[in-house]
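Listed below are the structures to be examined.
You will see two complexes here that share subunit A, one where it goes with subunit B and one where it goes with subunit C.
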Partner chain A sequence: MSALTMVRQFGEVLLAIAIAPLFAGWIAQCRAWLQNRSAPPLTQPYRMLRKLFHKDVALATDASPLFRMTPYILFGTMVLAAAIIPSVATDLPFARVADAIALIGLFATARVFLSLAAMDIGTAFGSMGARRDMMIGFLAEPALLMVLFNAFLLSGSTALPSVVEASTAHPFLIDPSLVFAAVAFLMVLLAENARIPIDNPATHLELTMIHEAMVLEYSARHLALVEWSSDLKLFNYACIGFALFLPWGIAARGADGALTLGVAVIALLIKLIVAGAALALIESLSAKLRIFRAPEYLATAFLLAVLGLLVHLLLGA
Partner chain B sequence: MATNFMEFQAPRLPANIPTRRLRVDRVQWFQTAESFRKSNARFLTLWGADDRDRDGGFRIYAAYLIPNTVMVVEHFIEDSASPSYPGIAGFYPAALRMQRAVADLLGISTDEADTRGWLRHGGWPESLFPLRRDVDGSQQYPVESAPYPFVPVEGDGVHEIAVGPVHAGTIEPGHFRFTVVGEKVLRLEERLGYTHKGVAKLFENSSQQNGHRLAARVSGDSAVAFSWAYCAALESLTQTVCPARAIILRALALEQERLANHLGDLGALGNDAGFAFGLTQFSRLKEELLRANIVAFGARYLMDYVVPGGVAFDMTPDARRLLLDLYDAMEPSVSQMRSIYDEHAGLQDRFREAGRLEQATAEKLGAIGLVARASGIACDLRVDHPWAPYDLLAPKLVVQTGGDVAARVQVRFDEILESLRLCRLFLSEPPKDAIRTSVPVATSGVLGVGLVEGWRGPVMIALETGPSGGIRRCHAHDPSWQNWPLIEYAILGNIVPDFPLINKSFNLSYSGQDG
Partner chain C sequence: MLPIAHFDAALIARGLPLLLLLVAVWIGLGLIGLLRPHSVRFVARVVFPLGAITCFALGAVAAHFLVSSHAPEVMTLPLGLPDLPFHARLDPLAAFFLLLLGLAGAGISTFAVGYFRSGQGTAPGLHCLQYHVFLASMALVILADDAYFFMVAWETMALSSYFLVTSQHRIPEIRRAGFLYLLMAHIGALCILLSFGVLQGGRWQFTFDAMRGALLTPFWASAAFLLALIGFGAKAGLVPLHAWLPEAHPAAPSPVSALMSGLMLKTAIYGMLRITFDLLHIRYWWWGVLVLGVGLFSALFGAIFAAVQTDMKRLLAYSSIENIGIIFTGIGLAILFAACGLPLFAALALTAALIHSLNHAFFKSLLFLATGSVLHATNQRSLGKLGGLIRRMPWVATLALIGTLAIAGLPPLNGFVSEWLLLQSFLFTPQIPHAFLNMLIPLCAALLALTVALAAYVMVKFYGVIFLGQHREPSLVHAHDADWMERLGLAWLALGCIAIGVMPQLALRVAGAVTGALLGQAVNLSSPFWWIAPIASKQASYSGLILLTGIVGVVGITFVMVRALAHGRIRRTASWDCGYPWQTSRMQDTAEGFGQPIRHMFGPFFRMERELPAPTDTTPHYRIHIEDRLWRALYLPIARYVQRLADWIGLLQGGRLAIYLLYSFLTLIALLVFVR
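Our next item is the complex of A and B:
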């Protein structure tokens, strides 16, 4: 493992940490435009983080160490996930050790800790949010696995870099099974990141919250880390989506000089801009689902992913 | 006892719509409630007064809406040591909380099983009754809160969720105790009274000429309705005839208030279903209306616009033009938003069947105003008991039969369009005369009533004059009193995350009911 690979690896992680809030800010800006509101500045999430880091922590008297540890664990798992996902280059030492299934495990770990922390304080809202989030999670994870299987079948590997390399080898060949998988993935992305139609990140109604209910008791630097982790999670999901369905521009192994990396970063930014606008559009057009519709919604995602697999097998690609 | 018979016996009371007073004894108090229930009269309000200084006892009043008339039933309670009267909640469940409030404020008890306090949250000693004449209301007491026994529900997997009185959003305080299994609501119990301001006591220190200002502040979103009801009561007591122009301008202000609230609610309902686009569009429409209010009425929210004898601010020809242009621009926008709401599958999925209040339940519990009209009950004071200028206009009665959130949304849309029609009529050729006339001092010790259909429902002021231009007792009634208990029924069988949407579709006043 050369020093250069390590630089690439850490550069990618740092890039993810740095621009994840920007991506969230961009989506917020697009949403505001689509709703005829004047938009907050792109840097709003950074300002929010700065503000929160400067505040003093208000901690519930019943908070256990688990509650205080969780924001760091969340942030750590999301950073680790960013290291595994080939967002700029495929030659990542971390990605060679952990495949996409391990990645799902990472997300699940974060979810378990956040749910435990939510229940730790003992308020009604924390447990309510944790309960709901677990329901969404156990329905979303199989659907996400099915989506990934589509890509694994095409590339013959469970490692994301191999998936990217396999599809960049035939850049203009769109496999029909991937179309189904892409729709399913988008649905899972919205559900997993607590966005409309499953959850509403902007709501003030404590009884309807899922993710927000779990983090109601967090403040100051803890809240900042939780928010930053949420931004990173969304960024990571977007990058998984790019790796699976829009791998153009990602620097492949062996061809990752400074120029190619530069192009890869620019390609990533363009993809984020387009994806952010598309997400904002979807969120602005839809209303929030009644919570018991969520199983139907995620079952549809699962079904679409399975259809993708069937298409792949039937067409014998 | 037939209704007609009582009308003969009952002398008229000064009021803006025909009102009669029936003096009854203890037994008749109970019997009248029973016979009104049988003849499907609507229960309006209940209040008490301390008259020990005058004739040695207390009085309890109840107001009912019977066809063409408002009947105020008055019962004199001679026993001043431990005053009590028979409860009428068995006939009119909505009376229960009002009876509990009367017990808190005046110490007049009933024979109902539920003896818990309602408005007293430990802010004053249990043995003190702030509305009695021997309490001047200026003392401060340490808060001594006692636990409030909510009705317990037991069962496998049943647990409680306590929400409020402090909420995650900036809204009024109220406590909601949900008993749930999973997400399904088995029972909801409300506890209100957190914004009790002692308005009734404050009225006693106010002059007749100034009471409208206090009335307007009972519930800020219904400022015109309350101040008009107050002025109507005072003007009836003094036989003042308002100039025709002032009457038209008052009605215009009332409809503007209705428009502003309905627009705001429709946006908030969209937002609570996760459709933020609706909120921004309706917020814009509401904001344009409020800005026009500054030009036309001198304030965004019409707090002190309606004054005794007329209105405070004349409408200029420019303002008239501005309002007419505003209506022309608003009507197509509202229609467009309505088709967006109607055709949005996700939104309709949230609205339909959510928080259904069946017509039978609504009838039984005494629903009133907008909520009643969404459950198929045709009642609107502007139509049933029209007062000037509505007696000449024949407003269209809006009724929907669904009883769910969707129906309450539709009622709001229909009423916006109807209000726009009325506003245009008001502005088509407003009479050219004065906007205000002087109101003389009313004779002491007379009861007068003002009733106005605000945007939530009937707003009532019962005003009893005091000596030298003062107020002896003034009871301000907000229709939220009747409709708050209905939410406890509308939520049954629904899921917890649908509660905010259902609650918003009622959008009741905390301040108005807390008084």
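Our next item is the complex of A and C:
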């Protein structure tokens, strides 16, 4: 592990931390355009974070240490996940710490902590949000695993760097199973990141909230960290998607000079811009589902992933 | 100086006599407890700590055996019937389960020191005897090397645990639970006995060594396997033989629940592995599919039922069914791979099953003991009357949080390691050389993922309802934290959860010795201790230690940065709750509420009786009763059938002497005819 790889690793993490709010801001901006509203500036998420960090925390009297620790733990897991996901280069010291399945586990850790924190104050909305979020979580997990199964069948590995390297070795070989898997992954991404059609990040109606209901009791720097980690989670999910389905541009091991890295960063930005616009389009075109339609939605995602798997096994056999 | 050192080395080199000695110490300790049977002080403060030390020593000897030699050791004991002596054997499989028994048992016994108080049913001295005989019989089940010794130890285990379960025998439900447990234990024991009867292959030699050599036809091998699956499945709580488990585990005092759930269920896993991978010389692929199917169904069933429970110990009991299901899933996959000639993947699946057994011993014991502390502090078992205990019992709450995260299968704790390994082994199922299996089995991985994620849901419910939120009853304000021996026991188990989680390679090496002995193959054991890459580092790798350090590091840096760049001011206020000022603790989600989405989605699994209040009710009353469909569909018909059969046989009992004389006469005639 040379000093250079460490520098690259830290550069990648800092890039993720820095542009994750920007990505969320970009989606919000696209959404506003599509809905004929005047868009907030791209820097709005940063202003929000700055404002929140400088406010005083208003903490419920009976909040336990768990409640106060959770925002930091969320942020920690998301930053670590950003270090593991090969978004710019594959030769990262942290990339082998967890494979894609372990990454899902890491996200689950964050979700459980947030759910526990939501139940800590003991308000009606908090525990309701926790229950719903855990429900979405267990429904999404089988679909996500089947998506990873697809990737494993193509590359023989669940470690994201190996997946990327395997698919960059044959850049023009698109397996039909990947198309199914990609759609399934997109559906899971929307559900896991509390976006329409499962949850509405901009909602003000408490009874329909999932993610927002859990963070109602947070304020100031705690809220800032929670929001920042949600942005990072969305960014991380997008990067997992890029690694699995659109790995073009990511600097592979051995071919990662300054120029390739620069190209990789630009490729990442372009992918984020396109993906953000696509997400905004999907969110503008679809309506939020009733909470008990969520199983159907995620079952569809699961079946698509299974279809991909069967397509691969049948065609490959 | 030198001779003593030499003597020590010789003694340690022979692990088996030392282990048998430790087992004898347990029985001795149990008898010592009878000296002053009514003194809680003597039993709890003197005998139980010695028992805990013995546990630890047992675990240490087993660990030493696993890391040093692995060459099997055998002994013939001067006990048993004439011509039928007891045989004992120590091999890696036995040592692994003794390690589990010793290490988890040490924590449970330490906790028990602080737990037992006077006035709890059975006298403390008697309780101590039953407890230590229970521990000793579990160790002997694992060490037994012939069917006779095995069955004696197995029955001793069932009986001693029956007495422990019914220690508060004045309560009718507990007597009923105890009876059900005893009944199922004996049905299971009968099947195991028959299985051994088949395994000896007509040579009437009941040592395991003879059974290894017996050549069975495919039919008889399958019969032995199926009988073993039913027998050990009944003990382990596989669906549909699980009905006793959610009754018996909550009935017992908490340390006993922990022993039963954490350790006793593992003896069934041990027995299953012993027969399938050691005594039977062949394996068929459909055995694997069967075990896999039953295991997965049990896992899903357990998780779903755990999600709708309202009693904290019943919830954990159902969660045990789920975890046993996961372990059996691993075993089934291992059988399948082994039968298809893929020993490396079989080793991977078996490693996952073994490590999950070890993990479950730690986290389930930890959680059962934590419920014991909660029970002592609040006298409440119903989740609907708990809440907010993190503020009253910070020690128990913190340690239980570790167990909760571990059992929910979250990195970087131990539950994740085994589930990850199991999912990894599922990834290789498309390589099975059967046209349909290679497409169907991968889908089972999704079911496993669903179960694991459901387990996380269940555990959020468990922890959130007990420890977080507001007190649901005013009396909870007086709840007190556990005493320091209880904390020590809990902390030991929590430490185990963390240690296996961050240094999984140690568990992998220990399990590698077992798979090496059973399958002749082990997964990649050459990684450093903080790193696992079971097949190849390029394929998949995981490091709990780096993950934990990474999270702690980022959390620390973030904390310092936030304080340095912004500020650390805090204002304590009332909770916000969207501006609603009159909220009470009754407005939180209840245990029933948390189970509602599960009831909604998995409706066909349950038999529900619900009384909903009408909108006009002035005194609204809500009642829900959830039952296992299998109880009415399977158990009650069988019970009725047995009852009817007994009634018929009862007709023989005329109650008049002449009739009985007639029976004797007829028997005599029949025998004469038959003999002639």
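By definition in this document, the second predicted complex is superposed on the first by the 316 of 317 C-alpha atoms of A that agree within 3 Å, B and C clash if a C-alpha of one lies under 4 Å from a C-alpha of the other, contacts with A are read in each partner's own complex, and residues count from 1 in each chain.
In this section, contacts are C-beta pairs under 8 Å (C-beta built on N, C-alpha and C of every residue); 3 or more make two chains touch, one makes a residue touch a chain.
Fair warning: this is a prediction, and the values are worked out from it, not measured in the lab.
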item	value
First (subunit B), second (subunit C), both or neither touched by A:L34	first
Of subunit B and subunit C, the chain that contacts the larger number of subunit A residues	C
Partner chain(s) touched by A:L66 [first = subunit B, second = subunit C, both, neither]	second
Contacts of A:L225 with subunit B and subunit C, given as first, second, both or neither	second
First (subunit B), second (subunit C), both or neither touched by A:R96	second
Partner chain in contact with A:G254 - subunit B first, subunit C second, else both or neither	neither
Intersection of the subunit A residues that touch subunit B with those that touch subunit C	124, 128, 206, 216, 292
Subunit B residues touching subunit A - in the complex, by the definition given at the top	160-163, 167-170, 183, 270, 272-277, 279-281, 284, 344, 346-347, 349-350, 354, 495-501
Partner subunit B, residues of subunit A touching it in the complex	31, 34-37, 124, 128, 196-197, 200, 202-209, 216, 284-293
Footprint of subunit C on subunit A - complex, ascending	53-54, 56-64, 66, 69, 72-73, 75-77, 79-80, 83, 94, 96-99, 101-102, 105-106, 108-109, 111-112, 115-116, 119-128, 130-132, 134-135, 137-146, 149, 152-153, 156-159, 162, 206, 216-217, 219, 221, 225, 292, 295, 302, 306, 309-310, 313
Residue ranges of subunit C touching subunit A (in the complex, touch as defined)	387-388, 390-391, 401, 405, 408-411, 416, 420, 423-424, 427, 430, 438-439, 442-443, 445-447, 449-450, 452-454, 456-457, 459-461, 463-465, 468-470, 537-543, 546-547, 550-555, 558-559, 562, 565-567, 569-578, 583, 585, 587-589, 593-594, 596-597, 600-601
